[in-house]
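Note that the chains are named A, B, C, D, E, F, G and H in the order they appear, and that numbering of residues resets to 1 at the start of each chain.
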């Protein structure tokens, strides 16, 4: 077959399997889903269109789809959730990326608290939520346009903040470049950054951190 | 002569004359200063090196120099100051640009209140200064690195904020590009932006606004 | 609910409420409009498509739409207009952005004079309009392609000029980057810049300035 | 004074104080060091030149300096180290940035294991070190030029990897942009990125993670 | 006619004729195909859409099309294949570009071994294939996103590696710029790079190298 | 020898010889100058430092140097000047580039009228010079910062305008990129652009045009 | 009316009127065409879609359209052509831009010779056409991808070359940026550059040059 | 020790050892040189300053230095040279990079023919050298500014061309970006590209190709 499926990964990491759906042909995509499905893994598909989901659904009836985040899920073994990750957004339009992060974290066994639309252009909205945010082991902060949210949060807590720039905006936003640069240049301590719109990556690494906080290096 | 000195400008605007010193040869620079000096204008030189100042001083003994901001001043008619502009910075390293703005505003007749080192990575520093900031007719907000300060201020006041990105930072800051983009993409209302490190431009337009607030369109 | 609506903002600023429509799902958008509508605010929606407007219209019948600027308006309290803002464009193609600025300024209570298609490639067109422009408290200058208009205007007046680069052009225009850079680098005094195509931002800050000119810092 | 020193930060976070030295005038720098020194904090200065250190040393004799990393340290309370962070580099030239990360982590109480010069152009060097790397709670992976090291490591472990691009390279490296983009685009799971050459940021967040792993969310 | 067909090229190089189809009008495209077809050349069309192929097929019935790579082939003289080129990809989504390279190489007379989906985020996949890769005279390594594959391969073999960045990815990938820069900055020895998505160019030069290895400079 | 001197060029074009001095080693530079000098050409050296000139002067005593423009000249055959080229600048700081253009044009036999410091931020300065500018066969318009001068001139005349962006400016000027883009995007008719700071190129092509105007295609 | 039509332009320049159609609403476009049509001008519309043309045709029946170049023409006064301009392209795909240049030049009264598909990747094609090219008063050289054609031509002739980069290409071509930079950096003498895909601009300035060559500065 | 020296590499590849000197501290550099020197390898140091060489010379007296290319050589086993590589440059200023390529190729056992200063702005210079170029197994083509040389050569021969962009130029050259893009976008067949100024990389891969041509896949 064309694709060397990475069956050891799940064993190694104790997590389920992940498929990046965007840009894959239907034929390839279905084959990969079927292949994983034959084994006893939970499977997470990211950046899937509704059309792709319907094709997958035809052959794997238990597949579920969340249109907002573009996530396909096949859950065979029930997932126990531990600890806590806070997923925050600057605006309403950042929610799809935030949901990709939140649902990824949940899929891999983290409890998630969602705190949306608390961007820094109205700082009182954020300040009123700080107690909830402080309880989490790790914060995922998602923001487009100017992208200042993660830095402001990181300045108020002593837990790691995973910053996710989004492509929300126009003009000199340059498809998310502006928020990416803002986050990389943050003067706050305790912040690191993933790719533009990469909710999945943020959900994954925050889960790794959350696990360490709950279980230590087991 | 090589330079068509713009003698009408001062009359038209009611302000003094300005010379952009950087990159001018000593010969040219001194000629321009002398030319203005022969008339009865106050003169402001920006982006002047200490070497340039000393050359100017040789021929115009009343010239003064501020090393931090690189400003040369020749004040012949005493300046009455009106209204209030708040000049804020994110960090200590932004002070030279802020001083260029503040001293430009003062040169053109504005009262200035300086509120430095209140960057958003420690938001309580800014919050404790909001009462002072709210009193001004116009705010000049100067920030490097992530450049989030102007947007956070604009979200808390209903006066115009003039944002000045600085080239303070390193790496993905790209000599101020990062803070420039942050400011242009701010979701807050009531913010507009000048060139990277352009304290002069911010000081000038904030003075125009301050005058309008005090005197109306006279 | 997902969106923390910023009900204090209107009180604080004395202005109405604003919704940035682009990229919001119909469900979210309608909910936000309804929420504001229940209170007694005027509401301004920007960057709305005709489809979005029709969805909003279904639930809020008094909503109005301007196709050129993409603005939705719900006016419950009649708006008194004061002072004067001049909105100028370089070409015919810049008019949609100019209208976003003009209608935003009118929504927030400014008188607006429109002076369109006076780009610097035929400078006599601009020169013949300078008397009208000089009467305004603040000028919004909108231009694409080379973007030289704001700088030339700022050189001829002593009121603040808010420069709006547009994405009109092709090739080395890079979706408005060229005009953005032109405006940021203007040697004229009294100019500051908003994001590419950000008519809303220019309309808002010019209204703040116009108010200061008419009412002072009240 | 000009600088609003952030005395609450140390209490809040349980860590010491940090001063970003680069670009500060001697007068400002010494004042800030003295201010912190009067209290009973440990102090860390980053990006300090030898000249700056000597100035500081004149007034605070117990200050120490590491020329490779540009770090100034004043240690008043002995530091207990816990857990383990692995700091890896692609090449010899990345060591200064790696040392900034390692010494920051040590300053804030983490044990560090250094694994240098294991870049992917000779993958056997890395493979032979994987056992050591796997023992850490968190990995800091530092690389210039192509910047592929963090992604390859993240593909082999299930702990978080903090990627640090360096400006080492020439030509199409564009002062670290190339390695920054590589790291942001890594297909491996469990990786997030800090600014180019930002060893400090990586040392800080990896310590937050290391603490969570050892102590949980205490 | 509008197009000066380069009839000598085939004679000069001993290879067949090539047509870059993308962006050509149907009228132009068919004329060029017919012109070549009248002579006794094999013809290769690259970057052809299915629509373009169907138009060509109407007039040249023996034309064949591969939808994955967008290649049209007209084979009149049977092709003898010599030597060996290994074509590798990082992921499944890079296969279309890899097939353009592989089929180009085969068209010009090279044997090709395909080794797909061996990206560095799971390095064991690549390591298990190194014996096959080492047998080739030349390696074409195709990768998107972070683009680290060619450098890792080049570090393990002493044959030339032709690196092909693809536009697969999103966000800070910037349509392939990220992988292009990675490959240009590789520290490994024996690597050079073609344009983003330029499978054709890689297939061509690797064939030139393969021929030299089999036949010498004949 | 290392350098294939292009002795036919002068004969072909009827012009003298040109040497681009910047970055050449003294040994190479002197050899090239001597080589040309042995023949009976006039020689123009561009972008020469004072140090380079002094080295050349040692071996070719009749060499002359203009420090402002960095031009070395060796004039053996007296130069007859024809027609008229207007060389204009926006500011005083653009004069070195303008002089490179003007002296190149004079070297190749054009009359030049210099009109300096007429930038568009004070448009009356330019308007008062339009009669002189209109008399020329071709205009070279040199500007840094926003770079709007060439477009404004081209809008007022019907002769070709050669636009020269300069690297004068700072911040978002990006070493002349801003003025380059402005000029490429000019909406005025009759304008084309040379490289940033390329006074030589502008002087050369304007001379070609001036000759055509005076002599026709002879 | 919204658009200040520039009726003096034609008188001033002796040329016809031009309308840039792209992005104008049908209502605006038709109004402008009608306005010009009422006077006795020839009219040239550039970058018009077929749909736009059909709308114009409905109200102005003598309007003609060329689909390849997107040019609309209304010719009321017959056009006398003088002199000679050579329009050359690197490839077949550059022809639409070349036709915009050629038809613009013809509209304004220049004879044009078309020399297409002579790109430098097969230099013998260009060399065989040099005699024709040398006869022209001015050369327009149009090229995409690497964009080397204008520089090679300029190296072989002593007439001005107007270089037109096109957006033909893919990947690291960045929509014509690559060919634009190539042309700006050409080491050949006698070359200047217009915007990417700006056939109109090249046709216009080459006509100005051609007129000077035939009529002198009349 | 800090540096895991890669002793197997030489055995594996049959070549000598290479040290990238730029940016290494004297202490590190000398240690690496000594380490290699103790074994019986030939050693090549690239991008070495004269100061670095003198430090190395103190401890390894047989070390040799070439100032033009910045290459340090320690030759213990005499080198047999085979086959032929042609190294060409566009201008005189590209020679340092070309020498890095040529001397690298010679160090690893290739015969090299140097053909310098044959840039395409005077195409006859190149045409007169094509016979020499055609004899080589592989061509290294080095060019700055517009960077068109490799594409023109590749269009005339059927051997692989390794293109090396240099940072020679100014303005819109952007430190070699322009020539890099030109080369990546070349329409000619049989060309691939290394990093800007990377003579070493070109010398290495061309040697791999040259060996394959002489010895086949041995």
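In this section, a contact is a pair of C-beta atoms (placed from the backbone, for glycine too) under 8 Å apart; a residue touches a chain by one contact, two chains touch by 3 or more.
Computed from a predicted structure; not experimentally measured.
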Common touching chains of chain H and chain A: D, E
Pair joined by more contacting C-beta pairs (B-C or F-H): B-C
Shared interface numbering between chain H and chain E [over half = same, under half = different]: same
Equivalent of D-H within the choices A-B, E-H or F-H, defined by over half of its residue contact pairs recurring: F-H
Intercentroid distance (Cα basis), chain E paired with chain B, Å: 56
Centroid spacing, where centroids are CA-atom means, of chain C and chain D in whole angstrom: 45
Touching two or more other chains - residues of chain B: 20, 122, 171-173, 177, 180, 184-185, 187, 189, 195-196
Every chain pair meeting the contact rule: A-B, A-C, A-D, A-E, B-C, B-D, B-F, C-F, C-G, D-E, D-H, E-G, E-H, F-G, F-H, G-H
Partner chain B, residues of chain A touching it in the complex: 90-91, 119-123, 145-148, 151-152, 154-156, 169, 171-174, 177-179, 181-189
Contact footprint of chain A on chain C as seen in their complex: 2-4, 6, 8-9, 20, 22-25, 28, 32, 47, 165, 167, 175-177, 180, 195-198
Touch list for chain A against partner chain D, complex: 12-15, 18, 20, 83, 137-138, 158-160, 162, 180, 184-185, 187, 189-196, 201-202, 204-205, 208-209, 212-214, 216-217
Complex interface listing, chain D residues touching chain H: 68, 92-93, 95, 116-118, 122, 124-125, 168, 170-173
